[in-house]
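Pasting a structure here, questions to come.
Chain naming follows the written order as A, B, C, D and E, and within any one chain the residues start at number 1.
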Amino acid sequence: MKYVDANTVQKRMNTRILKNNILKYLFLIATLFGLFVLAILIIQVLRDGLQWIDWNFLTGKLSNDAERAGIMGAILGTFWMMIVVAPVTLILGIGTAIYLELYAKKGVFQSFIQTNISNLAGVPSIVYGILGLTIFVRAMDLGNIVLAGGLTLSLLILPIVIVAAQEAIRSVPQHLSEASYGMGATKWQTVKNIILPAALPGILTGAILALSRAIGETAPLTVLGIPALILPFPEGIFDKFTALPMQIYYWTLDSSLVAEYVNLAAATIVVLLLLLFLLNSTAIIIRNKFQQRY
Amino acid sequence: MSVSMTEKSNINLKTTVSSKKTVHTDKDKVFHTRDLNLWYGQTHALKDINLDTYEKEVTAIIGPSGCGKSTYLKTLNRMVELVPSVKITGEINYNGRSILDKSFKVEDLRTHVGMVFQKPNPFPKSIYDNIAYGPRIHGIKSKKILDEIVEKSLRGAYIWDEVKDRLKENAYGLSGGQQQRLCIARTLAIEPDVILMDEPTSALDPKSTLRIEDLIQELKKDYSIIIVTHNMQQAARISDRTAFFLNGEVVEYDQTDDIFTNPKDNRTEDYISGRFG
Amino acid sequence: GSDSENNASGNNGNSSEENNSSSNNNEEENNEEIEELEGSVVIDGSGTVFPLMSRLAEEYMLNEQEGVSVEVSRAGTSAGFEKFLQEDGTDFNDASRFIKEEEQQKADDLGIEVKELKVALDGLTFVTHPDNDWATEMTPDELKSIFLADGGIETWSDINPEWPDEKINTYGPNENHGTYEFFYESILEEQDLVDDVNLQQDYSTLVTLVSEDVNGIGFFGFGYYVNNQDKLNAVHVDFGDGPVEPSLDTIAEDGDYAGFTRPVFTYLNVNNAKEKPQVLDYAIYVMNSVNDFAGETGFAPIPEDEASKLVEELEALK
Amino acid sequence: MADNHTKPSNAVHVREMIHQKKKVKNFSQVLEKSIPVFLFLFALISILTTAGIIYTLFIETIEFFKIVPIWEFFTGTVLKPMSQNPEFGVLPLLSGTIISSVIAMLVAGPIGMMAAIYLSEYASDNVRRTLKPLLEVLAGIPTIVYGFFAFTFVTPLIRSIWPEVEATNILSPGIVMGIMIIPMIASLSEDAMTSVPNSMREGALALGATKLESTFKVVIPAALSGIIASFVLGISRAIGETMIVTIASGSSKNFTFDITQSMQTMTAYIVEVSGGEAPAGSTIYYSLYAVAMTLFVFTLLMNLLARYVSRKFREEY
Amino acid sequence: MSVSMTEKSNINLKTTVSSKKTVHTDKDKVFHTRDLNLWYGQTHALKDINLDTYEKEVTAIIGPSGCGKSTYLKTLNRMVELVPSVKITGEINYNGRSILDKSFKVEDLRTHVGMVFQKPNPFPKSIYDNIAYGPRIHGIKSKKILDEIVEKSLRGAYIWDEVKDRLKENAYGLSGGQQQRLCIARTLAIEPDVILMDEPTSALDPKSTLRIEDLIQELKKDYSIIIVTHNMQQAARISDRTAFFLNGEVVEYDQTDDIFTNPKDNRTEDYISGRFG
């Protein structure tokens, strides 16, 4: 006895297939929507900012006069901050990842740290700003200098770097470390000679992406108190500073005071996006170039 | 397998294998396992294993998937301890010393008991560095000595001629069979006494398989070899003794000929006749 | 832009010339002690005064003391005083109102000697949408009643039946700002504001809000109006002698707009000035040069003699 | 085999050499023991960070509640921190935060989900490999840039369609925040759906199901926990987002639900009040910490919820 | 395998299997494959396949790993098209209609040609919903009819008695063997003509394997079955015809008895005698 009637099945078949095809295009449109907005955003920013970018703008000092204003100070501020952030997060991030992946005993404590890290990754950046203000600016009395900003951003991206490093370490095939242990290598020898070199491209890729997150962060810096006007270029990590995103923020806010500030903000955005683009390309190149075949 | 097919395969086996089979009972024991039990957390993976292996013999371990073959093998060089939840009771003596004793340094044990894995797993380094890895971590730094070790080991694994002109190239440029021989060479470089092999040919094509099988017959002259295989014919071809594992137990352990021609246990027979999966 | 170089040098030329002509007597002293200073000067406070102060700071760093870093922020007068009146507080606090008694009290408690430097005059300006062609002239009382909770005014037609019957939307700076307090204390005499007044932290936001609301009316310093004349109308205020348009002339000392005019200040931490030569030097520079930049940043200058008196007092601190 | 097989017994005696080296390896033994200790200390930093956040927020929040009763804070609809008679009701900030997050999720939820379905179920490998990273570019754009975009482009655009909308309003930053969150939802949901074993899909397709049917009746139910988790994380992100609202929504502290108006979120309040090194000791200063604490607890709960969901309701297959 | 072992297994095979084997050549063709070639991108996975399968027969496909067994099977219900880079030439007729023709809707084809996979893959739903899934997507909503279908299908897969009291429970609570029979029942629910099976017992224990083998013998009465297996003994036990695949080619296709007792090709013989992997 047949329950499934061939005729009804046939009839329904066409509507079912049609529905499938229509929705497929709807889904595609939704996917492209984000890219469409991205395109508009970039076009908008380029239109407002591109013709304001010239040598003077890139190398000049800040100024109230839109025609004269330059962002070298902000570029240097961002640069020095990264000089702090990069080594701090790399050392702490890789160290923590190695500990969690390779040394920590699976158990309550390890999963506590792990939960803690994934929660930290979800803490709003402005809260890190308050932490930085309280600890680095106030308690350690550093003031709002590059070092304070850099340490604050380091804490902010540390969870990201840790997780990326953990993933990179985890993705080193077990059979490689087994081979090393099988030769009588100790744990640290295996970590140092086999696991870390194999994981390094993954770690670097993750770290660079995290750095580019730090470069664009504004909220924590607003809490640390970056002056609206500061002319001298920072010459080290103990100087006061401004940074690219802060400059975008102030110029956007003051755009109704001086109309051209919108253009300055847009031009700075172009520079910032370009910087991020470079960093991301580096990450991709590293990933592709050093991708291992196991 | 049905009846008449075996009459044919019979012939095959005779020509390629039987001649190499030798059985010694007077030899020295290498591993002496008594009442070995092993748990992965709650999973009782090895149950009361009693098994002796002998010097300069090939011991094969066969059994269906999940029966504990790899686990037993990895217990012999304590690689199994890399799984954190592992619990072991019982005793394993290696040349008379208890290896489960914490005073026996694993690094030490593993320089005596080398291991070759199922999937060829060279390091993502040059061929040279792959072989030199073991000697280096043990503190040998002299370029000259390393050169000698590399050549000797590669020759030992019958791969020297194929790679001698490309020692600086990445090991992943080699074919699967070459990689597996490289891994064997890498093990030879630290001059172990025993070589454990976990399905070393299961990822290889028939031709490479044959080469490795031949190599095992060669190595047997100098090393004691314990090999896990899911290929019964392979066990029949190359081993002196065969242990049949099932659900973590040793169902039968005997000279290879006996196991295959005259199994004493029904389950062994079932397995050999292909009643599993 | 590509022609910024020309502009830049032009500006520089101009300002240094002005400096020369207006402050001849200081010139010699300056020459005597062209001492290279360094360190930083930290300024916070009024957003109203910010354009003038940041302009001065920039000129100072470019033309006077390259080694000194003057940092200017603008949290608002009241918020600025909070930062000024603490240990290791800011060096200057810009203010668009007088220091309050409580604030002075707190300074005394902390042992901070505060010196008031009057830097310019500002006219509180009421702004409307450019399309608003009815409410172009009002009396102070009418303006007050719009913002008062008990003012009895909800729609434009409540003021004048000929005006549209549309609800008035009110805007102003929030309580961080001296401008708010000046309005609340001196003009509304501390009566409650309407409930739905839209108070904002940033003046730019206010400018945008009013410039895009036909029924909006807001207030802030004259400077923010002049910079946005194309987007905003200023209400002409009739103090009794006919409507007065706020302008640099009318908001000046004893000008016709005097009813809504207020002095703006920067308050100096004298302790800091004594400790840090660059702070004092900057204070002297400010009082010497402030009248040169008042006009272009939307303020009326203070009388010359008031300025030079303050300079002398500052010199005495050396 | 063409090799000349040399027996591994002559010339170099590796075994001997290894044995000798063993004796002089004290330093490396110390290293072996001390490295885990160092690494452990590094791992502690992340715990210290959490402890630091909780401690600083907690201490000052306690101070705040000594001045402003906790009840008043959480039920007050008026927020006038700087006024002569300051009032510290957090509800205006909560309404701003919730409304902007709701708007963001209304944008990001459906669009992100549809994108996830397309990428995981319909797109060919090549298309996915191009589109997904491109989409993730959206997530990598600094929020300040989105703020600029909301303020200078989206708001004017909305106002040209809907003139009642104010020049600063919660709608525009809400939408832009949504756009920013799209890749997060798309990517995480896609991961969840991709990790549904192919055998599930094959099972459905082999019964004659269309892709749509296998997606909605098999894949999505199986991936539901991951999908929900991605939504929760999206909400958490929206709640914590700062610069977009700070720039594009102004700083009105009205307690309202009118999306055409300017509103302030908790994050924007923190920016405004701290606006430079916040002065210590005043009530306003403490209010900063009370609001931050509220924000922190909110997002912490969201993150824990996401974790819980993705763990507890994971389908067994 | 060595000699004497087979004498024993011989007996086994005779009792359990040989009796069931029947060979028909006069039956209708179900699939008629001509000059089938298939590429995954650059990989030429199927080469000039010519193969006919017959109604109400069990056709077994054997061959070493990677030889194209699964690929061929998945071509028969066009599941292989899920791999985007696939290119197919040649012809496959199903009951006289060309299935590679784009006008033949895959959804349609697959309701006629059911499939059972290597690893049991029930949906993460209740047992009932697993079975009802197929009928439901085809528009059957009536609870009563669905109930009947579920019962009939579960009975057909010999699992009704084991699960009838827990139809609302999640299918993942079942054992591996039960899951596999559930998947077979799920296929039966849409009343296909052909059932494709890709190593359906390779993940199962010996007992479950036996049950499935018995079930296949039952199903053969109503369905045409094509089964891929790496277990030669299994092919020998349950199939009427056997095709030996190697490197994407059909080396030999014949009645099962002939293939195992009298292979015509050397390579078939090599494979049967275990010279691979």
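Everything that follows uses one rule, which is that a residue touches a chain if its C-beta (ideal position, glycine included) is under 8 Å from a C-beta of that chain, and two chains touch if they have at least 3 such contacts.
This is a predicted model, so every value here is computed, not measured.
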Common touching chains of chain E and chain C: A, D
Selected pair, greater C-beta contact count between A-E and B-D: B-D
Distance from chain D to chain A - Cα centre to Cα centre, in angstrom: 12
Where chain D and chain E are represented by their mean Cα positions, the distance between them in whole Å: 47
Distance from the mean Cα position of chain C to that of chain B, given in whole angstrom: 86
Contacts with 2+ other chains: residues of chain C: 73, 202, 205, 208, 211
Set of chain E residues in contact with two or more other chains: 107-108, 111, 137-138, 190
Where chain A touches two or more other chains at once, by residue number: 16-17, 186, 189, 225, 227, 253, 255
Contact pairs between chains, per stated definition: A-B, A-C, A-D, A-E, B-D, B-E, C-D, D-E
Contacting residues of chain A [partner chain D, same complex]: 16-17, 19-20, 23-24, 26-28, 30-31, 33-35, 37-38, 40-41, 44-45, 48, 91-92, 95-96, 98-100, 103-104, 113, 115-120, 122-131, 133-135, 137-138, 144, 155, 158-159, 162, 186-189, 209, 212-213, 215-219, 222-227, 245, 248-249, 252-253, 255, 262, 265-266, 269, 272-273, 276, 280
Complex contact set, residues of chain D against chain E: 124-126, 197, 199-210, 213, 217-218, 221-222, 315-317
Chain E-facing residues of chain B, complex: 1-10, 12-13, 18, 201-206, 209-210, 231-234, 236, 257, 260-263, 269-270, 272-277
Residues of chain C touching chain A in the complex: 1-5, 7-8, 11, 40, 42, 50-51, 54-55, 57-58, 61-62, 69-74, 202-205, 207-208, 211, 224, 227-228, 231
Chain B-facing residues of chain A, complex: 105-106, 173, 175-176, 178-186, 189, 193-194, 197-198, 292-294
